[in-house]
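Common to both upcoming complexes is subunit A, partnered first by subunit B, then by subunit C.
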Partner chain A sequence: MGGYLIRRLLWLVPTILGIVLIISLMLEVIPGDPVLMMLSETASNEMRVAVRHQLGLDKTFSQRFGIYVWRLVHGNLGRSFMRGEKVSKLIGKTFSATVQLTLGSLFLMLLIGVPLGVLSALYPRSKFDFMTQGISLVGVSMPAFWIGLVLIYLFAYLAGLFPLGGKGGAVGLILPAFSLSLSSIGFIIRTIRANMLEVMGMEYITTARSKGILESTVIWKHAFRNAILPVLTVIGLQFGRLLGGAVVTEVVFSWPGMGRLIVNAINTRDYPLVQGAILVFGLAFVCLNLLIDVSYTLLDPRVKYG
Partner chain B sequence: MKWGKRFLDHRGVVFGTIVLVLLLIAAVFAPYLAPFDPMEQNLLDRRSPPGFEHPLGMDIYGRDMLSRILVGSRCSLLVGGSSVLIGLVVGGACGLIAGYYGGGLDNLIMRFMDLLLVLPSLILVIVIVTALGPNLLNAIIGIGVWFIPNYARLARSSAVSLRQKDFVEAAKAIGCKGFRIVARHILPNALSNLVVYSTLSVGTAFLLEAALSFLGLGVQPPNPSWGSMINEGRSYLQTAPHLVTIPGLVIMLAVIGFNTLGEGLRDIIDPRSTLK
Partner chain C sequence: MSKRMFSVSLLILVVVLLGQVLGMAGGTLRVAKTSDAVSLDPHGAAAGPSQEVYLNIYETLTWIAADGTIEPWLATSWERIDDLTMRFYLRKNVKFHDGTDFNAAAVKFTIERAIDPDNPARVAGELGPIAGVDIVDNYRVDVTTSEPFSSVPLSAAHVISIGMVSPSAVEEYGDDYGRHPVGTGPFKFVEWIANERIVLERFPDYWGEPANLDKIVYKVIPDLQSQHFALERGEVDLLLNPEPARVLAYKSSPKFTVYETPGLRVMLFGCDMAEGPTADKAVRHAIAHAIDANLLCQAILEGTAVPANSFLASGYFGYKDVDLGGRYSYDPDKSKEILGTLGWKDRNGDGLVEDTAGQTLKITVYAPEGRYPKDRETAITIQYMLTKAGFDAKVLIEPWGTYIASLSKPQLDKGHEKYDLFLIGFATAPDATQFLDTLYHSKMIPQAGYGGCNWTYCENAQLDELLETARASFDQEERAELYGEAQELMADELPSIPYAVLEEIVVTTTAVKGYQIHPLDFYKGYFYPIAMEE
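Let's look at the complex of A and B:
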């Protein structure tokens, strides 16, 4: 186990380098010059050269990449071109809002999706099952930003139950998190239902029943515990989708998260901010998946780490 | 015919096919079907709700919503179809080659694909599109690039399991070269999985395109796209909700169609995946 963990942690290093390299290459080839965006059109040529030098843009690509990695090792993400503030500070201010939204949605996904999935597997082909399947199909087929707007109209305008936008405590989190989580709810209902049905058909369930064990014990102790494992993988997959989807949902609900930060940064060619923000996104995603793989090996003794 | 009956018996497949055909008709014949010019502004009737003359109402510049929805289907289908094609061809080829040859080449290709998957889907697409410049072509490229690693993984897993089959051994024994084996023996057997996944991913592409257009990164105005219609109507949510609800319902219906079609095809091709 220890060896496995160390190997996986060591893999993080080339992964991070890879992310930084890809983002840097992408920024290298895109049209648009941050110096021209910062200065007015009447700025003199000397001034442009000076600013270019000050931002370090006159160095070659490999030099800049080396400097970036060197600073990164020391925990320095550099300063934003446009705002002059430290990138880490700008990200720190917004990242927690995005994480709150994402975790809130994950929580709702488990809270709503898991029971619905289990119940519809226990009563397959019933009216309840049919309805749940419908909900999950509609859930995965809806644009999250659109259902966000519809929910705002219904519950904020018409019913006046929720704030229209912004970050208003726990109540303010409900609408954005719910609209973001709907597609994940649909997804997890299907996964749980399929797993539960598969497990319920296994021979050890028949054995357990034939021994006269209470049906509820069979369902919860024998079937559910085995059917729930793949949910870990789903959480990992959905976390990435939710992080990405959060960008659009943030715009709909005026949620002060990383979404708008990234879009603005790319538009103004604020290279350090783009690099830092995307690096943080990638890192969060990679770390969560690492955590899930590790917990898999802990929870399911059949999974070999290798 | 046994296959024909199985297709017709499956409600999801029938529904999905109907949606697909309607979309194709709308996209191909949009100029003839549209009751009004989708660009013509009628400033007196701005944001008027659905009514007799304009069944889906008027948008913020007084343009006929039905006509814009019809013409907007072109953009969705174009983005959906082309981006899936990019993913299928590039990702599928990389995955089959990686899976068949294995070893160092496999490692090289798949580690690169892993890097593309490090970022959440929408973030990657937004970064690519904003970097290349927001327009229809770059939306296709952005979404297509995100599909590549997903298709590569799927194709690779098919190729790895097919590699050990007897008919591949037989092909090797009669002296087939690697490329021929991949193209003539592995690909046809991996194709059904890829086709099912393609159908499902058209729906995903529709949703991604809508999100991009909603952020103003997709089709540029005044050209209509379902996502940008929602974006335009957003500010009038309170007074004219039809500006937002109608294009959203259309997107949802189209995506449901592709999802049921894809899942139905999977049920028919691989009945084991259907759970009783």
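Let's look at the complex of A and C:
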């Protein structure tokens, strides 16, 4: 296990380099010019050349890449072209908001999705099951921004139960987290239901029941613990999706997260900010998957990494 | 209650009562903002979202009144010394928020920082040929130009590039100054939480009457629908960028006040005058007759714009109404008639015109997406209008970043097909010099590397001469006349087809008193006169 962890952590180095190289290449390929975005239309040719030099954009791609990696090794993500602020500071300020939103919606996803999934598997083809299936279909199909606007209108604007938007305490987190988690809830209901149904049909469940074990023990200890394993993978995937895909929700709820920061940076060709932000996302995603792989060994004794 | 707490409470009570007696309404103004500021260093950002905030923190030597006249501000007066020198007399007893004195050294520091050749202010291009500043004494400075330039006092009002910054604060914060702005304005900076809010508070040592408001809180609310909810529920008091479709409803509601005035941004279709069908003046005339500017302003821009009468908006010095709407009234049949005289006729009855070989008259319209109000919708509508007049029209829409880069390159290097018309909205400081020189003078034609903004490739010796003479003249009457002539000439040449002048619109709740709208977009955010009603 220790050797496995060390090997996985060592893999982080080429992964980071790969991420940086790919983003840099992509930024090189997309058309557009940060200098034109920064200066007003009335800028003179000399001004543009000066700013280009100041940003180091007159160097070749390999030189710029080398400088970036060198700075990265020293823990320096550079300064945003547009904002002039340190990229690390900008990310630090918005990353926590993004993590809050992500954790909040993951929590709701588990809180609502898991019981509904288990119950609908226990009573297949019942009215309850059909209703849950309906809910999960709606959740998966409705775009998050639309759900968000409807929630704001009903619960914040008309009822006044929640703030209209912006970051502020646990109450302010509920609506954006819920609208973001709705599609994941649908997804997780379906996954758990399918897994539970499969497990409940297994021979060892029949054996357990024939031994006269309490039905609730059979369900929760024997069936559920086995059915929940694939959910871990789903959580990992959803985590990545939530981290990166919350832009629209952030806009609707005025949530100061990283999604808006990145989209803005891409639109204004703010190279250092795009590089830094994507790198942080990439790292978060890689670390999370490592965590999930490790947690498999803890939850499922059959899985071992040598 | 302890003795200490008692005395503190008493003190607060006295202050509050005193405030009531002196008529200081106080209060907090909460403003909805669509995008976060980029930098609060006036030299550090070219975009509107930052400029909306500047004027409450920073001040300039001169002030542009709503009617365009230049008035004293941090300079009490100015005089022309010679063709290349303008002397400004500075206001005394003015302090920056950090206690630094405002004086000639601060002016020299600010202006030379803005025009630093190695790191110019993002909008320094609009200042004109300002070359430097000489200190005469502590309260007199000479601003020099590299060529005769009459608009120095106007340039001096340009807060978005030369709002006066505190030299000591710039030195202290260095690269992070944009996060710690220090000016001489009526409000000083408190905090800025990225993508969330910016807070300013009254500067008690302001050189004029201290502001009425205790505080200004800018809330970043990117979604217009959410902004509307916030205004309705009383979570904000003022919308800087209200949704056009709602303006009518706000006007008829007793809860809100709508302030509007024609602005300075001219929306236009530039024509490629160098190559292709639009190189022919008659084709440009035919296109102008095919465009229904009234429909664009009313239906597409939802009444938040007025049709353009000239190449400038009425707020610019030098504007002349050359009746573009009358000259090129909407008339698709007239377009077809003009095309007919050029040999383009509808020969197969499909509604499009063809030449003798059966080729249609292809026009490509190039437009950005998400940069100007309804840019995409406008381009698509124009395609329909052109088709009705017989053109074989097509649209090419790209995101702004790609669009502006492509516009600034010669046609051959663009990496996509050639276009004939392009959509742009242009605004500068309110003087014809900056606007017309930048967009239509032949020396601004894009070249290899970085070029200028004469994206129409307009190259007209007569126009160049009019613009150059007007730029160098110090006789305002003569300048106005020359610019009038230039607009008459352009009305015939049609390097571009202006279709709308955008309005500046602000919506407030009725509790907000004393607000004044201004045609300049960055003056729109000046909240010094505002008082909140209880």
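Simple rule for what comes next: the second predicted complex is superposed on the first by the 294 of 306 C-alpha atoms of A that agree within 3 Å, B and C clash if a C-alpha of one lies under 4 Å from a C-alpha of the other, contacts with A are read in each partner's own complex, and residues count from 1 in each chain.
In this section, a contact is a pair of C-beta atoms (placed from the backbone, for glycine too) under 8 Å apart; a residue touches a chain by one contact, two chains touch by 3 or more.
Owing to the predicted nature of the structure, the values given are computational and were not obtained by experimental measurement.
Legend: residue contacts after superposition of the two complexes on their common chain; A:Y157 is shown touching both subunit B and subunit C. Of the two partner chains, subunit C is the only one that A:R79 touches; subunit B does not reach it. When both complexes are overlaid on chain A, the residue A:M26 reaches subunit B alone and has no touch with subunit C. Of the two partner chains, subunit C is the only one touched by A:T42; subunit B is not. In the superposition on chain A, A:V251 makes contact with both subunit B and subunit C.
Looking at the shared chain after the overlay, A:L149 reaches both subunit B and subunit C.
By the touch criterion defined above, A:K93 reaches subunit C but does not reach subunit B.
Legend: residue contacts after superposition of the two complexes on their common chain; A:A194 is shown touching subunit B, with no touch to subunit C. In the overlay built on the shared chain, the residue A:N267 is in contact with subunit B and with subunit C. When the two complexes are superposed on chain A, the residues of subunit A that touch both subunit B and subunit C are 30-31, 149, 152-153, 157, 251-252, 267. Across the complex, subunit B meets subunit A through its residues 114-115, 118-124, 126-128, 130-133, 203, 207, 210-211, 214-215, 227, 230, 234, 237-238, 241, 244-245, 248, 251-252, 255-256, 259-260, 275-276. Residues of subunit A that touch subunit B in their complex: 15, 18-19, 22-23, 26-27, 29-31, 124, 137-138, 140-147, 149-150, 152-153, 157, 193-194, 197-198, 240-245, 247-248, 251-252, 262-263, 266-267, 274, 278, 281-282, 285-286. Across the interface of their complex, subunit C is touched by residues 30-33, 35-54, 79, 82-86, 90, 93-94, 149, 152-153, 156-157, 160, 163-167, 250-254, 256-257, 260-261, 264, 267-269 of subunit A.
For subunit C in complex with subunit A, the residues that touch the partner chain are 35, 38-39, 41, 44-46, 117-120, 122-126, 175-176, 178-179, 193-197, 219-223, 225-226, 229-230, 232-233, 235, 399-402, 404-406, 408, 415, 426, 428, 434, 438, 447, 449-453.
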